[in-house]
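Quick one: this structure, given as structure tokens, is what I'll be asking you about.
To keep things simple, chains are lettered A, B, C and D as they appear, and every chain counts its residues starting from 1.
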């Protein structure tokens, strides 16, 4: 996110036009740039994925490396253009998306200097985050905002809820570590806690399972609790989402005091009593 | 779905009667036809299923083949009658249900010409989709419409939600590919993404599971996130369903006080008593 | 459930008193009888469970058999008393709870006549259903009624929903049967459908899992769908439960027309407009 | 929970000041004490966890033991101070948190006297519960109260629901015990019930799975039921949470039209404009 001062047009016409194309989406050129960027991101991610498949790497290794260099070159040019386009380059470079833009090209560039930095290549997957910068295109933003409002309003309740779940996990984990012991896979409290999380969230991998009668009883209690517990965040989000939707729907402003945010069924302003 | 012009009765009395029986359900003959079709579809699907069981195929192979040919003949006759009954046969044949009707008979008919086309036989399962054409019988349609309205209204929110889930899956997948590596089953990013989807949706097959301490920690975070994330679509659908149900109920506003949201059976406003 | 005529007191004082004790719970004796019955049911179920554990059967076999005969004798006496207490014994014997009462004692009684009928003994677990007859004790009945009202109101929507899920399961099952084949465990369409149900309900046993890239992709789509699909019944039940609760809360009757079932926030009768 | 008389300041100034610091959080010293206690609890729990990991115990065993003794000393001093600070020490010692405080130090102190009491050490994990005593710090309490109100109001419905689930689990368990038998892992009714709970809660470990066609069919029915059943507690909690949130908001009724349910910040009725 860039501050307003940064987004204001540069004096020079070139920098101004560049800024409009790269950072805005309200001109045809800006829109085309965003769409092209979207596809470049998607294809470069697919290339990274394919490269991680051994069979693909062996057969099409050189093609994939060429594709990778093509996209890295593209993103590097884009990164340089972005630095040129903004008034305060350092502010941009230190912003969240500035760092993501840099991380998208750095691993491949570094792989020339440091030959062994193969595992760094996975960092390129973070390119995916750049998609969210293009999302300003979409009319989905209003919906995303409602969701975020609902989740933010739910935060204190969710915190209490997660605290309770964590307490259950720690205590059940310790209990199962004593009951089942290392022979049945519960060989430390952290591992038993991992099992408790797998169980309470109803994921149930089955890599560690209770073998003793008592352990299976404790697991049963935990599962039924998890089953009931899952109802709580759902209820929380439903209620907050209903509130966020209700408040988002009506955009009438009171004629008496000018305040907005009235409920859909309100016929009078709830602050001054003026008819809406 | 057929266009109105197509559904209008043919001039000839025979075609008109045929159309009424096959495409409509408001006459006794039309109703009987639909019910017979429903059972024919169900039994032919069961026959296809039984044929796929090796033990059944060996023992009752010839019976099942006879049953299959019986239903194929039946559906072929029905398909030809449908073509005759409609005014514009090509429009019908290119419609969704026209294609499904064709796919229901084609595999068996083709198996005479091309002997090796055994795997095509599974396509016959698509006959099941024909059941939805008979559903016009049921009084369930109004309910289905409320559900579809709710889901359609939820679409933008669900899109944002699925986008977020996909981002989490890609990044966690890449992370686990680096942390766990091929020895523990995470042998490519796509496979690690498959694992991440199995985990975040709380399915948890357990065919691939993290073995390292760090991997189990990342998995725990992912599971708790998936646990919370599942609350979001539920909340979305609940809210939209409540809205769809309410709107299906009534949209009258009181003439006395202007409040909306009255029950369908209300004849007076519940707030001021004014006649609706 | 017994018809009113059946529950009316018998002329003879003894049968009347017996009926009050056994079938009603509003006298101290009736209450005591119900509580005693509750514990007898619970203990007899626990005995059946323990008997199924091999180690228990070997060590305490004779004790468990004695306990079993004690409870069978008790329930047989109770069954006979119930037949005596009601006016129309055959109506009682053919009612749902009459059959359950018979099934609770029959397996043990039959095991004298037919020595090999061991597997029948599991039928005794149905004794558990008798608990619901005692539930009339509890103040929970009103709550159960709200739940049942909500579920009944949801039935058409749930039917549409289950139909959609079944269609998805059949088609995905057939698809996976072709893609994965018998070598990976998908050796028939019914088995592949079993896998599809395990997956779409997010249970995920992991006894059958896709091994091919394409199969894992189809599974991923199915899992994400199942994740979203689970939102639908929850939304349905939430909305209907909210309606059932709202209607259940207010018990005011209109002074003008006598109709009940007004919303909590209603100040006027919605049928005649009279002030409440 | 301490009674008011206990929390009233002691006559002596020292005991009064001690009480304010240890039990209250409205002075700077009291706040600092709570924060310090919070961190001490977290770190001592982490130490207990690390000690349970074999590799950690071998390498850093002496450090961990030293850390453990440090925290035990700290908590012992705190426990003694708490006893001094309150007027009625025995009431405190018998209260819930008094017992937790004792259990937090007892295992380590006992390990000197009884050398073999290693498994007792896990009891130290209960220290985690002490965090809830510090939670009075937080502004989360209001939110926790709404959650607890909602859950308490849901209790009768949840009881009915759990009773139904338990009945399904017992009957399905007995059924699967007969169908699958000991060879497929269902070697007793309790174990088959454990499997039924694992399945109906959609956890699905996969340690026990049905192998026969009939068993897989019963499992499928159970899974779809579990899928639908999970909707019920979610619906219950959503509805009660909505009610609890609404009531937390406001209970004012309009003097003009009598309608309730106004927002907290409303000064005029939104239906008729009358001042509240």
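Quick notes on this structure:
The rule is simple: a residue touches a chain if its C-beta (ideal position, glycine included) is under 8 Å from a C-beta of that chain, and two chains touch if they have at least 3 such contacts.
Quantities reported herein were computed from a predicted structural model and do not represent experimental measurements.
In this entry, C-D is the pair from C-D, A-C or B-D that repeats the interface of B-C, since more than half of their contact pairs coincide by residue number. Of the two chain pairs shown, A-C and A-D, the one joined by more C-beta contacts is A-D.
Centre-to-centre, using mean CA coordinates, subunit A is 29 Å away from subunit D. Mean C-alpha position of subunit A lies 42 Å from that of subunit C.
Among all residues of subunit B, those that touch two or more other chains are 190, 193, 202-206, 230, 234, 236, 238, 242, 257, 259, 271-272. Every residue of subunit D that touches subunit C in the complex is listed here, in rising order: 156-157, 159-161, 163, 167, 170-171, 174-175, 177-178, 182, 187-190, 193, 199, 202-206, 209, 213, 216-217, 219-220, 223-224, 226-228, 230-232, 234-236, 238-239, 242-243, 257-261.
On the subunit B side of its complex with subunit C, the touching residues are 45, 48-49, 52-54, 119, 122, 125-126, 128-129, 131-132, 139-140, 143-144, 146-147, 150-151, 158, 162, 165, 190-191, 193-194, 197-198, 201-207, 230, 233-234, 236-238, 240-242, 245, 262-263, 265-275.
Per the touch definition, subunit D reaches subunit B in the complex via residues 202-206, 234, 238, 257, 259, 271-272.
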